[in-house]
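Every chain is named by a letter (A, B, C, D, E, F and G) in the order it is written, and numbering of its residues begins at 1.
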Amino acid sequence: MQLAVLMGFLLAASSPLLHRWFGQRTSLVLALFPAGLAAWLALQAPEVIENGSLLLAWQWVPSLGISLTFLLDGLSLLFGLLITVIGACVLVYAGGYLKDHPDLARFHIALVAFMVSMLGLVLADGLFTLFIFWELTSITSYLLIGFNHSDIEARKSARQGLFVTVAGGLALMAGLVLLGIASGSWSLAEILSADADLREHALYTPMLICLLLAAFTKSAQFPFHFWLPNAMAAPTPVSAYLHSATMVKAGIYLLARLHPELGGTALWVGILSVVGATTMLVGAFLAIHHTNIKKLLAYSTIMTLGTLTMLLGIGSEYAMTAFVTFLLAHSLYKGALFMVAGILDHETGTKDVTQMGGLRPVMPITATIALVAALSFAGVPPLLGFIGKELMLESVLGADRFQMLLVLFAFVAAILTIAVAFIVALRPFYGKRYQTPLEPHEAPLSMLVGPALLALGSLLLGLVPAMLGGDALLTSAATAVAGHTTEVTLSLWYGVNIALIMSMVSLGLGFWLFKRWDSVRGRLSILNPVMRRGPEAGYESMMNGIVHLSEWQTRLLQNGYMRNYILVMLITLIALIGNSILLRHSPQFAFDLDVRFHEAAVVGCMAMGALFATISRSRLGAVVSVGVMGFSIALIFILFSAPDLAITQLLVETLTVILLVLVLFRLPRFSNLSTSFERIRDGIVAATMGILICMLIMTSWSIQQFEPISTYMIENSVPLAHGLNIVNVILVDYRALDTLGEMFVLALAAIGVIAMLKLRHGEGLPSENGDGKNGEKRNAAITKEPYDG
Amino acid sequence: MDTVILIGQVIMSVALILAFVRVVRGPSLPDRVVALELFSTTVVGLVGVYAIKTGVASFLDAAIVIALMGFLAAIGFARFLERGGPRDD
Amino acid sequence: MRPEVALPVLLPLLSGAISLLFWRSRAMQRFLVVAGTIALFIVSLWLFISTLSEGYVTMQMGSWPAPFGITLIADLLSAVMVLMTAIIGLAMGIYSLATTGRGHEKFGYYPLMHLLLAGVMGAFLTGDIFNLYVWFEVMLVASFALLILGGERAQMEGAIKYVTLNLLASVIFLTAVGLLYGMVGTLNMADIALRMEAAEHTGMVEVLAIMFMVAFGIKAAAFPLFFWLPASYHTPPVAVSALFAGLLTKVGVYALFRVFTLMFDQTMGYLQDIMLWGAALTMVTGVLGAAAQYEFRRILSFHIVSQIGYMILGLALYTPLAIAGGVFAIVHNMVVKTNLFLISGITHRLQGTYQLKKMGGLYRERPWLAVGFFFSAFSLAGVPPLSGFFAKLVIVRAGLEAEAYVVTGIALAVGFMTLYSMVKIWNEVFWKSLPEDNHVPETATPSGDDGRLIRPSLWMMYLPVMLLAMGSLLIGVFAEPMMWVMTTISDQLLSPAGYIEAVLGASASIEGALLEPLPTGAEEAVREKTP
Amino acid sequence: MVKSGTIILNTAARLLMPLQLLFSVFLLLRGHDEPGGGFIAGLVAAGAFTLYLFAFGVSATKEVLRMVDPRDLIGVGLLLGMISVLPAWFMGQPFLTAQWWTIPIIDFKASTPLIFDVGVYFAVLGSVTGMVMSLMEVDKDEP
Amino acid sequence: MIDFIKGTLIISGALFMLLASVGLLRLPDLLTRMHATTKAATLGVILVMLAAAMHFAEVGIVARSFAIIVFILMTAPVAAHVMGRAGYFVGSKLWSGTVKDELRPNYDPLTHELKSGLETQQNAKRQPRETDPD
Amino acid sequence: MTGAIWNLLLGLAWVLLSGDFSGLNLLVGMVFGYITLILIEPQLDALKGYPARVPRFIGFIAFFLKELIQANLRVAFDIITPPWHMKPGVIAMPLSARTEMEITMVANMISLTPGTLSLDVSDDRKVLYIHAMFLDNEEELRRNLKEMEHRALELFR
Amino acid sequence: MEPLMALAIGLLYATAIFMMLRRSIVKLVIGLMLLSNAANLLIFTTAGMTRGAPPLIPEGMTQPLGEVADPLPQAVVLTAIVIAFGVLAFAVVLIRRAYEVVKADDLDKMKDTDT
């Protein structure tokens, strides 16, 4: 299985090649892959249902606890089947939708890669493997949303989706690491089967918050929901697949997966119920607000995601049953509806529901599919959606906490949902025929197969819930989510109870709302200013804030004033050293002054030379002064037994002065550019540094307690190295490697200088005259002139 | 003898200091350069005396180098002046 | 006699010297750069294999026993750094063949490149603190010269800052070496480590540690010492930028790792917090600096800074896993950051600008380039399963295990900000259509009839890019062997006895190094050598 | 512009340069035993060429150097330095291990450290001369 | 006896150097200062080196001492000439007590031509320089 | 002068070849070099007259040292005793010396002796401009200078 | 002697840093010169200073007569001096070229690459 998943990435990568071989039929060929996987999963189902779970071990990075081991239990099986089956449908559908699109091959790369990632996500046993696939779904989703990349909206939306989900991903990483640390294992199977109760662990709260953040962003919970409608910039097959059936449910999957270990605490119940319910209501409410068919569906998806979260929050056995049922039902009808929306968009050239109508005669099959799916959506019997809604309302009514709130929210949401369902499925097909940008026809077969299959699924699973082992599968899934055996028996009829009544009432009210939609929408527009201040505005201002912060920081730190850079560096150094030597320890040194007059004079000349070089108003005065300092240093070297050094210093000093003089000729005189404040400030910094250095020298010199290694060098200079000048022996023998490096340094400096002086103004660059001969000619011409001193 | 050397060193040190004073006072570049020349020549003398004092003849090598190479700086400055560099700089 | 530990230094020196001698012959230089870097790669691989099997490989240069002569020593960290440098060098060698102008070739581009590599190699392999200084300078002066090659105004401005601030670092380094020698009388790092343990004045030990930290911090471009980097890295020819990005700061980081695990491990208690916050601020300021930028290479430059923060964070956490993560981050970053710069060079060649706003349309035009960028950029942002993800994961895990929650949180947030910049580049350069007003200059794009680059040299630019992008993926796929290497490295680093023994021999101890007992009394405590 | 070096400077340079060069060789060869060595000698030699440059200008100095560009000197120097590293390898010793040979007829002790020092000499000479020369070279073509 | 000579040489050498520096400090203009430095300092070095030669009394070291003397004698006047010339031509102020300047009229500051004044058989007139315009 | 250089070169070559770097050896080398130069004088124009010049050279040094000390004492006196008695000025001295080498030697001698400092040589090399410190008696000064030139030139001719 | 040197070196560091903080690039370079000299002197000083005993072994002997100055810091400083010379030469020419390009001896006019 792992191999199959990994092969999926290769398959994705080779899709351009497949396009060369199969042309337009590539989608069908590719669809065989998820179909095959689905079949394989289906074959595993009995065993999974029998044993509860199946572990397929495969190591990857054991030292980090990263494995490619797959954990196949009811939950992952349910998700896996949804992913592969809907994936196959979507691939076939996309082949029709994007027919003749030049970038179809690239689309396939991303889509197949996404499908594989998603599959990996739900199958992963390793915490980090889960994370890896999680991130991959974000990335592939980014590529898919930005498919129409020349459109700025698509780029922006893709970026937004990526940022929100990746931000959550980072929380996920932190959460998973904390989970791993707390549980002592990096394997989900082990964590789920361990005895230790993580709810008691000190890290529980931070861990949970991180994980919830991850789940909420990925599954578009309020207030992170705004990216999902924007993601509708993606081609419709993508919306159908990622943004309704699969990816957005990854967060839900995560919550469900961890529910047995982390769920049920007050924190969990509180956050999940409230956030879920709020999301549900907000999603449903916002859906009503839009006329773009895809946005309508997107908001209704948010509503569903909220519902699922809420159910996980409630956590009762009913809720678990409702959760798995609702999940399955939603994937089926919403997938179908999105594809229908795509057909409408594809055929009519518009996405605006108010601009469509009376299309049933020209596209009867589509209309039927839409009707079936919408009825399931609306929760009309005998479709699967009805069962789901029934169970949901039941759970809400049985909730331990926030019962009233949840019921109210659920009820309102149900009404709104029904209205949305009708708007999507009835409005375009019935009533007055509108003129659309394109002349509509029935969609091609490839675009009908997928939605038809899904709609059929909704219908059949509603009518005969046990068909294809539906009950068993959902039982297994619910068991996995609940953490204990939870029997699921689906039925269209649970008797007349409050849930049924609520359901029926909402149906009526929903239909009424559908009828009065246009006027309601008009009245809702007064809320627009409020909505503009929603979470999305927060996101925008955060993004702007980053840029402003960045600009501010650059002005503050990287402002181009080098003296500020130097100041910061020095103050850092001074502060650290000062703190260490003065505050944390105390400097200890003996002040033992044994000085001859001439030595003092020379040292004085040196110091005064340096001082005068800094205060001199004349550049060359400063240079001469530096020369004096250099000669004094040479003399110090002589007075303290270093003739080689003295000679080197003298020569270097002389040559430096010559270089300076050669260069200064071109430069202007000193001018006083600093303010006196700056001079005082710099003076203080400089003086502090000087005092510290002075103290350090004294300390270092005073505390010497080891035999220097040079004793050996002195002893062996003649016997082993055959040289009388020990310094030279060190340079060319003991430490010849230093000298080797040093001569290269000098050579490099020379190369640099020569290049700097002779290679200039683009001279000799390929853009000019081929190979730089012109520079040479110029110089040659000049050297012919008499030298002018 | 040591006293003599000490006196010699002191005198030459004073000479060094005086030369340095001229470097500081200038006023023009040639004045400073001449002072630098004198400074380096005095260093040669000091090195000679120091060699005598310590008995280390190797120090004289440094003196040779100054005697042979020390005037290059002055030539550099002269070139600067002759090419039109400001002399009161 | 283990030549493989010295050859990575000596080979580029030799090829550099020969290349310089043949400065008149372009063909010879071009031949040498390829032959030289391939040979370098081979010996580096040899060294890597040797260290893998033996742990430490040493050579006492000139046959002088340690600590008297200079020891070259490779532990696994050195060997890995050497190998990565050789890989980068090889990539750059090929890339340079296509991008280097004749003027640059004539004025020492290739010799400078050889010698830059030599300096880097020397820094990685030397076991002597002053020798380290020398190699730093070799590397630095080579980089100075490469930086100004061409002499544009921006280059000059950048170079002044680069040169000055790096010189400041060198002087701090040198000062520390001087104080160190004054205190312990040795330059061999293993010997220093031994003597430091016995040093009486812990305050001075701490001060030295701080000075090395600041000096290497400047070289590594850590907060608040990084200013030279964003000021200069975007100014030279792109191959040079890439070379710098891959190598130079990493040498500073390497030195931090080396010094603080070997010589100053006892100061970590106090300096750890400073380093930790330094690392966090490095990450944040680096990544924030990039956010407002719209120049390809400036964005990348700021991100170098931010990534350095990750590496230093690894050191600062100072747990085995953290150090492994830090080294992982170094390796990952060398591959990826170099590659991003190389890609910026190709895009510049194609569209004649580094300004994101003026670029566009390359996703459709140059799908393979897009793939290369995509992998590298998202790897930089830590997206799995690329190399950057593992580096980040290890550090985050280590951070959380060490209960450094805030800093780890910052590290995660910085990952997000990295993605922000990378997505910006991707959106602007690859997805967006080419703006109407970008008139691709003739010189930048020797163009065919359809406006595309048709020079055969383009493959020489693509080859290293694709290989490095692949490298990032492969590091991810083979994360387990990578992690094994990294853990071995961190084991070696955290138990320096092995290193010390490899350098000084099994009998190494501090007794032999101590002076005769000093007479008691305050005045006599001062060493008096003057007659 | 002032005219070129004066008669006095020129003559002095003509006298002093050979003297300085000779002295530099002297310093180079005895460096192992007395103050001196490759660096010092190289710097003295570079000083000699600098003096000549000041007196006679770039083209005349180039003539003195014949076809040898300072960069060639650098290359030769570095190469000599590298060459002195290698013989030890062939003897199975670590790099840079000193090898000593006695040249029979003149009884001269040759060694890798000496070759090394000669390499340093040329590298320093070439580098410094190259820098000064190119500085003076570009100085002329500008106002 | 030898010690006495050495001592005398050293002290007098040192005194000449002091003399040079006092002259440098006290004399009024560049050229007069240069008189002090070239002559007195050179002499000082010579005397000290003679002392050194006597002190070591080894041929090799004596040769070195003489080498220093020779080198100083070769370089000092050259440096003085170059500096004096440069100083004069770029307009160092001459001391107000200067009694004669035969160079000024023969020098063209624009072309930097320096005539001998013998071309027209007419010697330059005594013409102290004006104060420096700079 | 070429001869002197050659002599020195030969001396150094001797030192190098014998491998004995002592000063005594150099002196020996110089002496041998001198003898060699006497032997090959007829073959090389550049060496013309060199052997004969060496004794004259030693005599000249004595003269020169005397002048040097004299001059210094006078300058010294003037420096230490203000007010200044000096009467500085720039004079033009017509040159008898013709070759560059001669002119240089003469100019340098003048720089090192009685209160005089060579400033420059005119472009046509006919006149040496000298800064003199004591122009009390210009005629005597010019005479002294001429004598100096004459003695110096003797060495070369 | 070392305490006096320590004071002088401290002063050298201070002056060097003060010069490096000026706006003029010429002053900057002079600051760099002072700084490298200061560092060299520091190495020379901290190892201890010895009068009149250079690390030279007399002809024909195998060990020096009596105690000599520590040769290692001398070798290190010599290397450092030459390196500093190379770097400074580079820096000196760099400011010349920078001035040519920017036309001002003012670091404040050289901040375009940063902002």
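Note that in this section contacts are C-beta pairs under 8 Å (C-beta built on N, C-alpha and C of every residue); 3 or more make two chains touch, one makes a residue touch a chain.
Chain labels with UniProt names: A = Na(+)/H(+) antiporter subunit A; B, C, F, G = Cation:proton antiporter; D = Na(+)/H(+) antiporter subunit B; E = Na+/H+ antiporter subunit G.
Since the structure is predicted, the reported quantities are computational estimates derived from the model, not experimental observations.
*Asks:* So which chains are sitting against chain C (Cation:proton antiporter) and chain F (Cation:proton antiporter) at once?
*Replies:* In this structure, the chains that contact chain F (Cation:proton antiporter) and also chain C (Cation:proton antiporter) are D.
*Asks:* Average the CA atoms of each chain to get its centre, and name the chain whose centre is farthest from that of chain E (Na+/H+ antiporter subunit G).
*Replies:* Chain A.
*Asks:* Looking at C-alpha means, what's the farthest chain from chain D?
*Replies:* Between chain D and the rest, the longest centre separation is with A.
*Asks:* Taking the mean of the CA coordinates per chain, how far is chain A from chain F (Cation:proton antiporter) in Å?
*Replies:* Using C-alpha averages as centres, the distance is 85 Å.
*Asks:* List the centre-to-centre spacing of chain B (Cation:proton antiporter) and chain E (Na+/H+ antiporter subunit G) in whole Å, with centres computed as mean CA coordinates.
*Replies:* Spacing between the chain centres: roughly 13 Å.
*Asks:* State, to the nearest whole Å, the distance from the C-alpha centre of chain D to the C-alpha centre of chain E (Na+/H+ antiporter subunit G).
*Replies:* 31
*Asks:* Chain C (Cation:proton antiporter) to chain E (Na+/H+ antiporter subunit G): how many Å between their CA centres?
*Replies:* Chain C (Cation:proton antiporter) and chain E (Na+/H+ antiporter subunit G) have C-alpha centres separated by 56 Å.
*Asks:* Using the touch rule from the top of the page, what residues of chain C (Cation:proton antiporter) touch 2 or more other chains?
*Replies:* Residues 13, 16, 20, 61-62, 130, 134, 137, 141, 144-145, 148, 151, 160-161, 164, 168, 175, 178-179, 181-183, 185, 187, 227, 230-231, 527, 530.
*Asks:* Counting only residues that touch at least 2 other chains, which ones in chain B (Cation:proton antiporter) make the list?
*Replies:* 9, 12, 14, 16-17, 33, 35, 50, 56, 58-59, 61-62, 64-65, 68-70, 72, 75-77, 79, 82-84, 88
*Asks:* What are the residues of chain G (Cation:proton antiporter) that contact at least two other chains?
*Replies:* Each of 1, 20, 25, 28, 38, 40, 42, 44-54, 56, 59, 72, 76, 78-79, 82-83, 86-87, 89-90, 93-95, 97, 107, 110-114 in chain G (Cation:proton antiporter) touches at least two other chains.
*Asks:* Which chains touch, pair by pair?
*Replies:* After working through each pair, the chains in contact turn out to be A-B, A-C, A-D, A-G, B-D, B-E, B-G, C-D, C-G, D-E, D-F, D-G, E-F.
*Asks:* What residues on chain D touch chain B (Cation:proton antiporter), complex-wise?
*Replies:* Residue list for chain D touching chain B (Cation:proton antiporter): 1-2, 9, 16, 19-20, 23, 27, 34-36, 40, 44, 47, 50-51, 54, 139.
*Asks:* Show which residues of chain D lie in contact with chain G (Cation:proton antiporter) when the two form their complex.
*Replies:* Touching chain G (Cation:proton antiporter) from chain D are residues 33-35, 39, 124, 127-128, 131, 135.
*Asks:* Help me check something: in the complex, which residues belonging to chain B (Cation:proton antiporter) touch chain D?
*Replies:* So the residues of chain B (Cation:proton antiporter) touching chain D come out as 58, 61-62, 64-65, 68-69, 72, 75-76, 79, 82-84.
*Asks:* Under the stated contact criterion, what part of chain G (Cation:proton antiporter) meets chain D in this complex?
*Replies:* Of all residues in chain G (Cation:proton antiporter), those touching chain D are 54, 56, 59, 78, 82, 86, 89, 93.
*Asks:* Considering the complex alone, what residue numbers of chain D touch chain A?
*Replies:* Per the touch definition, chain D meets chain A at residues 1-5, 31-40, 43-44, 46-47, 50, 56-60, 62, 70-71, 74, 77-78, 81-82, 85, 96, 98, 100, 109, 111, 113-114, 116-117, 119-120, 123-124, 126-128, 130-132, 134-142.
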